[in-house]
Amino acid sequence: MTDAKTEPLLSVRDLVVEFPTRRGVLRALDRVSFDIMPGEVLGMVGESGAGKSITGASIIGLIEPPGRIASGEIRLKGERIDTLGPEAMRRVRGRRIGMVFQDPLTSLNPLYTVAQQLTETIRTHIDISKGEARKRAIALLDRVGIPAAARRIDDYPHHFSGGMRQRVVIALALCAEPELVIADEPTTALDVSVQSQIIEVLKDICAERGAAVMLITHDMGVIAETADRVAVLYAGRMAEIGPVRDVITEALHPYTAGLMGSIPTLTQETDRLVQIPGAMPRLHAIPQGCAFNPRCERAFAPCRETRPDLISREGGRDVACWLYDPARTGELRDA
Amino acid sequence: MTPETQAPQTKAPGRLYRAWDSDLAYAFRTAPVAIVATLVVLVVVFCSVFAPLIAPMNPYNPAALNLMNGFTPPMEPNAFTGEVFLLGADGQGRDMLSTIMYGTRTSLFVGAMAVLFAMVMGISIGLFAGWRGGWVDSALMRIADVQLAFPAILIALLVFGIARGFIPDGLRDQLAIWVLIVAIGLSDWVQFARVVRGASMVEKNKEYVQAAQVIGAHPLKIMFRHILPNVMGPVLVIATISLALAIIAEATLSFLGVGVPPTQPSLGTLIRVGQGFLISGEWWILLFPAVTLLALALSVNLLGDWLRDALNPRLR
Amino acid sequence: MTKLSRALSLSASALALALAAGTASAETIRWARVADALTLDPHSQNEGPTLTLLRHIYSTLVSRNADGTLEPSLATSWEIHPDDPSIWVLTLREGVTFQDGSAFTAEDVVFSYERVLHESSGFRAIHADVEGAEAIDDYTVHVKMSGPSPLYPNNLTNFFIVDKDWAEANDVVAPQNFAAGEENFAVRNTNGTGPYKLVSRDPEVRTVMEAFDGFWGDAPAATEVIYQPIPEAATRIAALLSGEVDFVQDVPVQDIARLEQTDGVKVVTGPENRNLFFSYDMTSEKLRSSNVDDNPFSHPEIREAMALTLDRDAIQKVVMRGQSQPSAAPLPPFVNGWTEEMNAYDAPDVARATELVKSVYPDGFSVQLDCPNDRYLNDEAICQAVVGMMGRIGIDVSLNAQSRSLHFPLIEKWETDFYLLGWGVPTFDSAYIFNFLVHTREDSYGAYNGGKYSNAEVDAKIEEIATMTDLEARDAVIGEIWDQVMEDRVFLNVHNQLLAYAVKDGLNIEVHPENQPTMWTVTFD
Amino acid sequence: MIAFIIRRLIQSIIVMVAVAAVSFALFRFVGDPINSMVGQEASIDDRQALRDSLGLNDPIITQFGRFIGNALQGEFGISYRLQMPVTELIMQRLPATLELALVSGTLAFITGLGLGVYTALRRRGVLSNVIMTGSLIGVSLPTFLIGVLLIWVFAVELRWLPSNGRGEVVSIGSWWSTGFLTTSGRLALILPAITLGLYQMTLIMRLVRAELLEVLRSDFIKFARARGLSARAVNFGHALKNTLVPVITITGLQLGSIIAFAIITETVFNWPGVGALFISSVRFVDVPVMSAYLMMIALIFVIINLIVDLLYYAVDPRLRVDRAAHSH
């Protein structure tokens, strides 16, 4: 799985994304760092507004103005991509990083056939003939599970059901064979019954092609089933990263712990995060110190004063919590 | 109308107030164009509303006019009477400044009333169409289509023609202004109706509407109360832009010989008369009313534009 | 230049609007006025622009000079028959041909009489006293009147002669009948004896005529006439200033000064045979639009007060910019029966007028004034000024200014209390005014007597002058009638209109008292 | 599809009858044609006789019935004013109006589309703001004044362009006359087309901008960008095509109002079209011409509506199934 010695496919370091507003500059992401290894599936979880989608958008260079990357760096195979010009970045999108959005109903242009959208995308990135592109497109549709792909490729998006459309979307995201696919809540808008199929397709096809996946979701269940590692975001900051099994069985960060408590048992949906009192702070009212401290049962003095940095632990785990500060482990052991 | 308009205060004041007080006010403070436009509108509205108090003379009182003052250029003494007018005098010896103030008053009144008329009509029809649905809705919306495609000038000419048949002698010039209001308003209700219809179609199936019915309240009344706050933004935008349109429409109709009597000229009538003096050299008879109209209509249009963007955060 | 003009006439149906004045041929006149001729049928519409245009294609028996006097045209002379005072003997010009080449003879005159007397003719009233016409020989026609009609030749100036054979061949023996729903050939086709031939016509857009080389009179200097109606005053003047037309007939008074100062353009002015007056209902018990219970206009004091507050000089100076002749009498000086004294009017005396009004109505009264806004020079502005003048003496007038098509029916249907009317006198005789404006409304009399004026004595005199042959005695009766009309203040006259024509330099044209300029009399420098 | 067209046709007929009824009602009040038709010398009796012969004294219902009956046969009678068959008169004037409407409509559409796209894509640019504000000036003055000012500047003062009329026209076939084929004809089109198109241009520009901004925010555009499609393909291929659906609708419906708005422009520029004809007819109470004009406007409206529906159909594939599903 994760080999510490291989170079990460994607490396995000101290990423800060800011939105200037009339109430001052909001930090949607505040010094977020993580890596994605080639071929791995990184789950990214957090509540709405925690910064998951913005992380995805900043990697692919599509933050809505006036938002901007204020500092930090994003590297793809060691090459900085956050500083690329628009044209160079455009060539990265689709070709090297694919993206799948939440709502398949609105992700497809209603006025073009699936074939038009697929071949256009393929031919944008790969220099092949129209016929060749179409062949590839049909094969891909077939692979993502569209029955009678050769015939249905000339249909318009509205001819497909929601689940089928999301398969088309996946095909579109993968058609130029990217090394990384960012899937931003790919199943939220779908019926529960098809959710797992879609995730399955996405995971399988990426595995086949050796593409890494960054799976953004607020559904811990999906992460548990799919991801190799999981990153937990809270109020624009990284709370914890680690192999998914470890994080689930033994969450380090109190917030993660609360989050894990909300994993639905079996397939039953329950209100998430009921166990954690209070709500995530708004971005313009992030408390001093650890952002989670007002809600944290285990908060102590430093939590209210200084923001904790990510602390590397054994087993490839990182956590941003004063509880794990080596300098303080002793004094807290019994607390 | 009265109980309904008061109603939102009980339910939505917090939301409305917050939206207005914060985002809109901030957007306004940071938009110089909107500020300038508002200032212009305020000055023009002030001058016209208080025209009877601040205007140097009452140009609507023919007995007070001295024909010999006709065509006095701005700031120059009249050759016969020696009187001086800041913006000159028109062909009837009316002080241009006063005439413009009164004319703007008439134009604004016509515009505002026409928009009000269109708004009441549009909201009622839209609400009704959305509530009843079915063939009533299709019929009303089809009429709206026809209305939208049928040019406003023709509709106004038509209303004017028909009204002339009903209005008795001696009342013509008093009623002309109301006919004008109906004529302009009638061509403008469709947009209001569409917005309200859309909103009411969404609302009518909501539980509270059915619940209201159970307790005996009329669903239309309930819907009105709930829909109004929702459509306030778009309605306001449409109303603002319609106001500018109505003022221009009044001027256009006056060019076609339909409008307020020449003894009580509106801005449009002044421009219609003034354009006859473009070549002859009495520029002030055209220029000042035209500039006033331009300033007013442009400002109202700019405000409408700004309002539309400001109320639609997605466009911001 | 000749080459160009030939090219122009060759492609006449698609004539280029030469943009620069300099490129127009000196022999072409581009003529713009407010309205187009309604038809080319010579006997259908008795209306100014129609008559003006037709005059260029068709000739009349008798024509009128720019100074208002009669002169021979197709008739070289006209006399009352020595034996029968009710017969007019017309001697016709010889050697005249129609534009299709056929000869003009007495037969054509007789036929034209039949046609002009047809019930679909617009000129029946003018020839109402004609019982019939008879060809005595090829060049003599007897016109039988119902009684002695000493001034009848005045009625011949708008009577166009058509070719009998042509009319019969094209089935246009009668003028357009609207109810029939079919178009008459004569509406768009012509065959006259006039100085110009029709080349092309696009109604309300452009009518092109070229000189008829078989014309019986002098060959016109202007060999081609392009006639364009331009209803908007500003556009019309702009067309002249930009050099797109050479002659603008209807010039707004306010533009005269500017045009006079413009290089390459000049303005000619002259009196029109038309006066403008207010009249009122002085007979009804109660007015339609007044706030008092009786009829204010029935009081002589009120009528006097109105005369006293009307400031004609101010209207002349400001509204008309000098382009009018203020006058108390509702007839222009051209008209038989006019005297110098009739023009005199009192200086305005607002104080006295106010007293007069107060003596009847201490609080004043209100009334509606009906006024056309597209018929006379500055009609609406005149009415507006009068509203102000009336307001000063306690008469609260509300103004109803509207299009002529709405205004004139009010007068005809007696649906107005107080109105503005302009009156032209094509016969140049007072009887025309009396017949239409003064005589009690009955039969063919009083169609425009909108004030319901009725005076049996006056009516009798009006009927009497119609057949009087002793012109001096007749003039005396006319004088008596005028005295009574002026005393009763039937009309509140404002002024006689002056006409202004604007032409480009190098083109000489005279103002015609009936506003019917003739292009064949135009000369070039 | 067929059911849809039939439904549309029935609606159109209802519209036409309604317009006929309304226009007929109108003419009862615009004035009395007789006065304009006869000379001032005509006696009261003559006037009555003419009224009778034209059927103006018949009961309203009779008159209306006769009017509808004739209108169905395309027969509107003889113009009271110009004494020509009304249908011929209108056909003679129609080319001028249609050419003017076409040119100003195209002008408005092209510039409106261009400026709308520009101001949407460069939303925060200085030039965009200038365009947005500047375009409002054109709609903040009455059309007739703009026309008069253009004449004054470009015809009187500069003498660049003709002040009035259509210039030289060339006949094509038996009833079409065009100004497109001559220089003077094309020059004469410029000022009226600008005057007439200004308002529509502003409208279309604003519509395009608003729709485009809306579309640019949509998920499928985000997704298209995320797939690395070029800005050109995204903005002009994906976004613009989606914008066109509402734009076509409004523009199409506006064509009707362009033709009607031509009343003002034609009057100011003495343009020999049906609008100017209508206004002179109103002044003269030329009832046959007025009714024919209104019926023509209604017909044009109905036709345009149909075309817009079909265009919609061509542009938006979603409608094809939806409509088909409805008609089953």
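Residue numbering begins at 1 within each chain, and the chains themselves are lettered A, B, C and D in the order written.
Heads up, the rule we're going with is that a residue touches a chain if its C-beta (ideal position, glycine included) is under 8 Å from a C-beta of that chain, and two chains touch if they have at least 3 such contacts.
The model shown is predicted, which means the values in this text are computed figures rather than measured ones.
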Chain nearest the overall Cα centroid: D
Centroid comparison with chain A (C-alpha atoms), farthest chain: C
Whole-Å separation of chain centres (CA-atom averages), chain A against chain D: 54
Rounded Å distance between chain B and chain C, as computed from the means of their C-alpha atoms: 44
Rounded Å distance between chain B and chain D, as computed from the means of their C-alpha atoms: 24
Chain C-chain D separation of Cα centroids, rounded to whole Å: 38
Residues within chain A bordering two or more other chains: none
Junction residues of chain D - those touching two or more other chains: 30, 148, 152, 156, 267, 282
Touching two or more other chains - residues of chain B: 164, 275, 278-279
Touch list for chain D against partner chain A, complex: 218-220, 222-231, 233, 237-238, 241-242, 315-318, 321
For the chain B and chain D complex, residues of the former touching the latter: 33, 142, 145-146, 148-154, 157-158, 161-165, 244, 248, 251-252, 255-256, 268, 271-272, 275, 278-279, 290, 293-294, 297-298, 301-302, 305, 308, 314-315
Sites on chain C touched by chain B in the complex: 233-234, 237-238, 241, 252, 254-255, 257-258, 288-290, 311, 314-315, 317-319, 366-368, 373-374, 380-381, 384-385, 387-392, 397-403, 406, 415-417
Residue ranges of chain B touching chain C (in the complex, touch as defined): 61-65, 67-68, 70-71, 80, 91-93, 164, 169-170, 172-174, 257, 261-263, 275-282
Complex interface listing, chain A residues touching chain D: 60, 62, 86, 90-95, 98-99, 101-103, 106-112, 120-121, 124-125, 156, 158-159, 169, 172-173, 176
